[in-house]
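Each of the two complexes below includes chain A, the first together with chain B, the second together with chain C.
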Partner chain A sequence: MGERAAAASLKFVTVQANSASLAEARARVFEFFKTTCRSIPTVMEIYNLQDVVNESQLRSAVSSEIRRHAHITNPKVIDMLLQKGTEELHNIVQHSKQRHHIIGQYVVGQRGLVHDLGTKDEGTSDFLKNFYKSNYF
Partner chain B sequence: MASITRASVSMPSLSTSVNQSQRRISGLNSVSFPVSGRSMIPSLRLQRGLQVCCAAKQETVDKVVAIVKKQLALPADAAVTGESKFAALGADSLDTVEIVMGLEEEFDITVEEESAQSITTVQEAADMIEKLVEK
Partner chain C sequence: MALRAALIRHLRVPVQTVSPAGRVSQPSVANSLFGSIRFMSSHDDHLSKEDVADRVLSVVKSFPKVDPSKVTPDVHFQSDLGLDSLDNVEILMALEEEFKLEIPDKEADKIDSCKLAIEYIHNHPMAS
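And then the complex of A and B:
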């Protein structure tokens, strides 16, 4: 794990020149995705996410974020999205964000309430769970 | 399994040691070790310095297959073998990268950029993992 963390060190985040073609932009997207995936163990360590989520779930959250923009063909737009993504990753790894940000944006994400991984709420009734969710059920 | 060590070469007469190692090689040939059914040609596992390129272990291939199935959300009885191509199983390029990342996490290795480009089948992934794990 030490190797992977060293490979993904994000100490200096600078703006790169525009990519010349769609192929280069594509390569940069994969490079960004790999850097992100290699930083995931660090992120889990920093924000103590071991009980809430596991690495492959975070990985699929990242890939679904990337897939949301998979239809874009303009290299400049891709560069801009990569710039924003790198900035976000940098903020997360530098602990500029807090745990509830990570959980709300990437663990729960678009799905709604997170399924309980702990043993605390497993025994409660479905009535209570629906009650907590909304007024109408 | 008899292993040929370099230390055994430092013997008084070189010719004797060469004969010994030759005898040991022939000893390896006659030993029957489990053939996993993949190839009928028995592959000799020589020591590190004399490494011959061997096919990946079956358990490595099984782990790779499990990760691929989970990533592509395939049913548990889908036919995924060593020769299946990722593209044929319905993976796009981002899926392939994600599978490689999953393998990195599972086996605690780091895959180089150039090696990652050339992976298209399950067997290639397993071979590359074997090579990296041995380092």
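And then the complex of A and C:
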């Protein structure tokens, strides 16, 4: 691994996030974002993504994932989301996932779900599309 | 032992440069030329400020949410370019990648305009 990724991966060994305030949770979010961005060169090398994406696109993908939850104000919810994010990052960096997972979730996934890009689902209603994504919309 | 040390101290041999021909040589012109060009020195390989400024501006311009025509060396990321704090961090990460640096959190919090970024990177000893 590069030196930056090796140094950043030490941050995986973390204490359970327990933020006292929104400001602390916000600081943790930025910390998580930086760790993720510093691991991006490693991820590209592990999964051979050099021809598929470049690093700034992956950074944008990560930041849009974080931005989806930007409206949340409860520090405990933010901690929970950070824990899920850290777990996901850990899985990716440890090569527990595979190339098609990364491409489907973070490369193509930003343009809409992969199966939505096919012609079969183009006519389906927005209600169904939202329903497939989550229970609450 | 002390006598031996005292004797050795008294026997001082003048140091002279001896050329391969066996003759004592004066410091030649060639030696003084080589003395001014330091081939193995890394003291002068700091980036120039224009170089740093060009590369910083190109990184900011290629950021997807930024309008390239608005980018000047004095532009402020959040107030002039309409970005938010997460975008600010993202630009800093792009700069870290470009210059192969790692900016600590305390310094990173203060950098929120092109001018500060150019200054910080120019003063950083490890920027390349």
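The rule is short, and it goes like this: the second predicted complex is superposed on the first by the 100 of 137 C-alpha atoms of A that agree within 3 Å, B and C clash if a C-alpha of one lies under 4 Å from a C-alpha of the other, contacts with A are read in each partner's own complex, and residues count from 1 in each chain.
Basically, a residue touches a chain if its C-beta (ideal position, glycine included) is under 8 Å from a C-beta of that chain, and two chains touch if they have at least 3 such contacts.
All values derive from a computational prediction rather than experimental measurement.
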{"item": "Room on chain A for both chain B and chain C (clash or fit)", "value": "clash"}
{"item": "Contacts of A:Arg67 with chain B and chain C, given as first, second, both or neither", "value": "both"}
{"item": "Touched partner set for A:Leu128, first chain B, second chain C, both or neither", "value": "neither"}
{"item": "Touching partner for A:Val77 - first (chain B), second (chain C), both, neither", "value": "neither"}
{"item": "Chain B versus chain C as contact partner of A:Arg59, first or second or both or neither", "value": "both"}
{"item": "First (chain B), second (chain C), both or neither touched by A:Lys34", "value": "both"}
{"item": "Chain C-contacting residues of chain A that also contact chain B", "value": "4, 7, 30-31, 33-34, 37-38, 41, 55-56, 59-60, 63, 66-67, 70"}
{"item": "For the chain A and chain C complex, residues of the former touching the latter", "value": "4, 7, 30-31, 33-34, 37-38, 41, 55-56, 59-60, 63, 66-67, 70"}
{"item": "List of chain C residues in touch with chain A within their complex", "value": "62-64, 85-87, 89-90, 93-94, 96-97, 102, 105, 108"}
{"item": "Contacting residues of chain A [partner chain B, same complex]", "value": "1, 3-4, 7, 26, 30-31, 33-34, 37-38, 41, 55-56, 59-60, 63, 66-67, 70"}
{"item": "Residue ranges of chain B in contact with chain A within the complex", "value": "70, 93-95, 97-98, 101-102, 104-105, 108-110, 113"}
